[in-house]
Amino acid sequence: MPDSSSAVRVAGLSKVFRVPEREAGLLAAAKSLVRRRTRDVCAVDAISFEIGAGEVVGFLGPNGAGKTTTLKMLSGLLYPSSGDATVLGHRPSQREREFLRQITLVMGNRNQLQWDLPALDSFELNRAIYRIPRNDFRPVRDELVELLDVGDLVRKPVRNLSLGERMKVEIVGALLHRPRVLFLDEPTIGLDVTMQRRIRTFLAEYNQRYGATVLLTSHYMADVEALCKRVIVIHHGRILFDGQLAALADRFAAYKTIEAVVGDGERISLRVPRNETSQATARLLADHEVHDLTVEDPPIEDVIELVFARESAE
Amino acid sequence: MSAVPLQQENRVRAFAEFYLATARAAIAVQFQYRTANYFYMLGMVAEPVIYLVVWSSVARSSGGAVNGITAGEFAAYYIVWTLVRNMNVVFGAPFWEWRIREGELSGQLLRPLHPLHHDVAYFGGWKVVNIVLWLPIAAALTAIFHPTVHPSALQIGVFCVAIWGAYLVRTMFQSNVGMLNFWTTRGAAAFDLYMATELLLSGRLVPLKLMPGWVQTLANFLPFKWTFYFPIESLVGDLSTRDLLVGLGAQALWVLIGLALLRFTWRAAIKRFSAVGG
Amino acid sequence: MNTLRVAALYLKVGVLNELQYRVNFFLNVLQALIQVATGLIVISLVYSHTPRLNGWTEPELLSLLGVQILLGGVIHTFVQPNMERLMEDVQKGTLDYALTKPEDSQVLVSVRNVRIWQLVEVISGLTLLGVGISRLQTSVGVLDALAFLVAILLGAVMLYSFWLVVTTGAFWVVRMEHVLELFEGVYQTGRWPVGVYPGWMRYGVTFLVPVGFAVTVPAQAATSRLHGGTFALAAGFAVLLFAFTRWFWRFGLRRYSGASA
């Protein structure tokens, strides 16, 4: 029985794709017409995790790590090769209506709205598809429109919107049915910094207001830092790390940075091994006249890069 | 904040609302593209006009009629043909190929509703635009080719139902052919074979009366005839009341057969799709 | 000269690209078979009800069908893929990539794509033409064959010009994808002698959409029924149409650059 406090539960989930293998050359090509050689690729390899209701979790990994495949399995688009996934007590691959009605999947590079119509018309369509009673629909729509500040955009045909404007409108459409679980695949991809920030604050606000569960992938660490306390790092289909974002650095970054202002205002920056931080700080304080001192973890981008670099080296 | 609960008594109304909303969206979009739609429809008109002039020419050279069909009757047949041909444009096999290739299917699958509903509703709405755009074409063709046609009130009534019956029959069978795209990237081959068979056995090429006897018999047992020959003949032919009603019944039967088949093929297709991904 | 080299290079790349999709070959063979079969069925159906259609006997009409399919194959291979690409480019705004290259723009947009497997239609068309001619009473000489080749070339030029003029319209009307259906529909008129069409339509398919000219003239040459006058007219018309196309393309391009600025 699913635990009522966990919205997403994944146990030993795997997905194996069979891909055709082709060699170059005409002879090989002719052969492949008759008998196709295939190779199994394990996109997701026995991953397990749990996400509590209302949690916002960042799903990190380089391209091809298995993030999108996992999101697709969780939203019922892909059937797992083995293992179990439960979302809100439903098995996604059964694609029950009750399940689909409570989730949403937003892909930053896909468009789900009617291209040639104002978004308002697409919203109306979604109302019919998700069977949202008219009385509930209006306030939700107006609230989302206000939160994202797209009041005048929803009246223009979607094709006339810029990429960022389209994404905002797209998000409104994806949330009209008040999904309890949000799967967001690169929702800020290709957007400028202001627009990214706008969407970030909106997602945080939405999560706070409605306690929705969010699983988010992004290449922008700023997204993750702003939204997710917890991150799951995946690489080559396997989970490398699952825990607090703050703990990621503790675990993978071998050094810290000490910045200090000493003597007559000279700024110095020291990179010291993690376990020697306190000694180094003490020595610095003892040997110099220190006006200001901070000890910091390296930027999260560097940590992540470190994680993947280490994994690939192994 | 939970999802809206589904109330059983509202199901029918919810469906009606969905169909209406989708059809309205289709009309809005397609009306924006009326120029493109007109090009499309004009391209379609070339085919029957060619058949018409060829057979009129044959009729003239063999004493005014071919197998009892006069030039005026050919004209009537092929002018109504143009409308029926438009009704036969459905969310078919090529669209399924596009839908899978472009990843549009994933979006459809995330919705708590079978995509077939969307397809029927959207193209149904589009038809409204087609019918409006068709009227001037029909008027022009009538002025040029002088069709002979005297339909009774019953015939007109049956025709109005039969064109939508044709739309549904073809939707079902084309969707079934479309399912092949889940297994092969060359679904176009099956589509071409379907179209060729349809051309010969549906009455699209010539009124089935002009075909050899065995072809006519064969056509009786296949769905194609009910998407072209029957709707056209119901208006311009001399079918008896009984034939008209049997025809509508046959359309209903083929819709049901197609639907039953689709239930089966759809399940297999989705299983396949969620195993290999988009 | 450089222009020709660029065109040849593009063709080569296009062919190499196409060779990767060998399955298309089987698909096109199937399509060609279906096309020939339905064509034959229609002709035999017509001639089961009449011995002559507008003065054309069955073998003559078979030759006409052969020429229509052959020429269609040439268009489908070299012209149509480029025009489709051009429309798409205008729609997506990616035409700029082609326009910023230091080469004649009309040549560039006309040689970027090629679908060699469509050449199957040229073979099936030639086969039909051969069968048609062999069943004719008259014999066909070397001069006829030469005239036929030139006439096919003229036909291809006319159809290319028509296609490009229509596609250039994409600069004004952005969504044009259905123009393909329009062309395919109208091209089917070429399967029948121009004479079966009522007067105004005959002029339409001869001069407006030069299908009649493009298909009927080579067919007449192959069946040695071509008059010198018709031949000269076709040649003159092809040159005129090509010149107009060139002017119209530049006109459209000016308008495109103005609008996108």
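Just so it is clear, A, B and C label the chains in written order, and each chain counts residues from 1 on its own.
Keep this in mind: a contact is a pair of C-beta atoms (placed from the backbone, for glycine too) under 8 Å apart; a residue touches a chain by one contact, two chains touch by 3 or more.
Quick caveat, the model's predicted, so the values are computed rather than measured.
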item	value
Chain whose mean Cα position lies farthest from chain C	A
Most centrally placed chain, judged by C-alpha centres	B
Where chain A and chain B are represented by their mean Cα positions, the distance between them in whole Å	44
Intercentroid distance (Cα basis), chain C paired with chain A, Å	52
Separation of chain B from chain C, taking each centre as the mean of its C-alpha atoms, in whole Å	30
Two or more partner chains touched - positions in chain C	23
Multi-partner residues of chain B (each touching 2 or more other chains)	33
Chain B - residues contacting chain C, complex	33, 35-37, 39-40, 42-47, 49-50, 53-55, 57-58, 61-62, 66-67, 144, 186, 188-189, 192-193, 196, 199-200, 205-206, 210-211
For the chain B and chain A complex, residues of the former touching the latter	1-4, 6, 10, 14, 17-18, 20-22, 24-25, 28-29, 32-33, 103, 106-107, 109-113, 270-271, 274-278
Of all residues in chain A, those that touch chain B in their complex	17-18, 69, 72, 75-79, 93, 95, 97-98, 100-105, 110, 112, 114, 116-117, 121-122, 124-125, 127-133, 136, 177-180, 210-212
List of chain C residues in touch with chain B within their complex	23, 26-27, 30-31, 34, 37-38, 41-42, 45-46, 49-50, 52-54, 173, 175-186, 188-189, 191-192, 196-198, 201
